[in-house]
């Protein structure tokens, strides 16, 4: 999950949304709804030719690769949360093609306790609706991301890249490639 | 959504779960994660032959028909929430066949404001992962339900039954029938 | 299913494809693989705002509305068949966004005997993989189609339009709307 | 794909089905519709705990592991073909729970030319609708299979087992595990 990406937004939250303190409390009491997006380039027949991964450095200076991920806000539609998080991470010119159907390709359940599912988030119990999102426009790393790398499905599923993904996002990426018929 | 079904359970909640007051507060601040289940009987080739609807009377004495629905608790897997709510509403002998895949057939977004989606819940912003769940065992109405009726897909989609379903559950039922190839 | 749409192409078929006589024979002996596409316009968040229906007149002079539909050829990928049939029916500037995943929203089984499934095709046993396909470009009726109409999901599911669709395509259209969360 | 499994049946085919010679001809001219099934054991909450693989020896004496797979016959529903092939390969007491929805988790396109997709079948262009099928009963290898092995998802996805699967069925098995949330 994206650790830092929401903070610049939290000061802007409208009435009715949670303050950081309230959110911290809720995170220990309720499953928190997320969307996870696997940004891809597709060719004219819809075949996935590349996957975008964000390169981040955390507070300890450790590099990691990440998918687009973020919380669904109160009174926000899932499809609007997808647009917001893709633009937050890939920039306002990314031109995401949000799926017409709300049916996700999987549901990733991030537990604070490791080992219950393939996914883990020490901060919270997050449940993410996961979508493959083709992006047609110009993508640039935003905010806390150092870089944005386009990898082939084969490269994205290779061991070296998988080792740089955390909390089960490497598994989720391979599930996405399985879904689009590009699992190596 | 099921209005009353969770209350008998809330006194039993383990440490870390929300008290009713805290839940009430969270409901105005965060999307709350639900599971919706459409309980069905299937024949030997998996074809849906009947749908179970619960008959309830609310505090105002108005009758309504409802699907199985309920909240996902903190640190509870979606598939365990499905088992719990099916058994809560259909009894401990229902023998639900929980889907092997976490991919729901749709995601139903119940907004407190009517008209944003097909679903509405005046109490909260609830996001429900919706599954068709075949039940093989003996089903009996529990707790607050007056009755449990088995209808054919055609009967369940008919206008008179649809009018007795609230908050968009009639639409959700028809989406389920569309998904299993039994939309009249 | 599209009755006439393949004929102009059959003279161009490469070695290994069936002659019309061979195809006629195979149609009585094997299930024939089809793709059905529901062409839609979506807004920036992927929500379906309109559906395209083709207006055709058959040999008896009867008007009907139809989805994009056609056979998958020998040695042709499903996604290439989708591109080919969308461009055949909507024109070369339609700019279809073929889904990244080969998972169809349903499988429509057209039997020569009515009543076995919701779909019927007197000529053959056809099994169609059905997809919702957003089109971003300029669409124009081609060949045998008189017109191409853009309808809202509500209009497309209304009784008068449903009555003009044949062989179960009206049901398939409503299944598509259920899948994208736009079933009225 | 299953090489030999259909032959004992072909002598029983009713009028209208293809003779072996006609089938051989059609295989070079048309995509042939198949179903692929991944037989699994699930626990009470639907979680996959084991996968069944068939052990076969081909005419050259080479051992291989295979999924349940077979052709959809003329005038046969996909769900009936699933029942028939599961019972053909796992025996009449397998008690398969055929999915209520016809939506497959993927479509596997086996081309006679290797490299176009992840799947390959030298004999034909076969397009398989792929389903995960829980089996609740007693399973025994039938006909041409030497053995039936139950493996954990981790074992089934391990390199040594994957190497014993041919034509892309190893990829398909891992896609199935991705779909049910059990990809290692």
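As written, the chains take the letters A, B, C and D, and residue 1 is the first residue of each chain.
Here is the rule we use: a contact is a pair of C-beta atoms (placed from the backbone, for glycine too) under 8 Å apart; a residue touches a chain by one contact, two chains touch by 3 or more.
Please read all numbers here as calculations on a predicted model, not as lab measurements.
K.L.:
When subunit A meets its copy subunit B, do both sides use mostly the same residue numbers (more than half shared) or mostly different ones?
P.N.:
Answer same: the two copies use largely identical residue numbers here.
K.L.:
Pick the pair with more C-beta contacts: B-D or C-D?
P.N.:
The greater number of contacts lies at C-D.
K.L.:
Please compute the C-alpha centroid of subunit B, do the same for subunit D, then give the distance between them in whole Å.
P.N.:
Chain centroid spacing, subunit B to subunit D, equals 34 Å.
K.L.:
Between subunit C and subunit D, what is the separation of their C-alpha centroids in Å?
P.N.:
Taking the average C-alpha coordinate of subunit C and of subunit D, the gap between them is 28 Å.
K.L.:
Which subunit D residues reach two or more other chains?
P.N.:
Within subunit D, the residues that touch at least two other chains are 77, 101-103, 105-106, 117, 179, 181.
K.L.:
Of all residues in subunit D, which touch subunit C in the complex?
P.N.:
16-18, 22, 26, 28-33, 72-78, 101-107, 109, 111-113, 116-117, 125, 127, 129
K.L.:
Please output the residues of subunit A touching subunit D within their complex, sorted ascending.
P.N.:
106, 117-118, 171, 174-175, 178-179, 181, 183
K.L.:
Could you pull out which subunit A residues touch subunit C in their complex?
P.N.:
Interface residues on subunit A, with respect to subunit C: 40, 42, 44-48, 77, 79-80, 82-83, 97-103, 105, 132, 134, 179-181.
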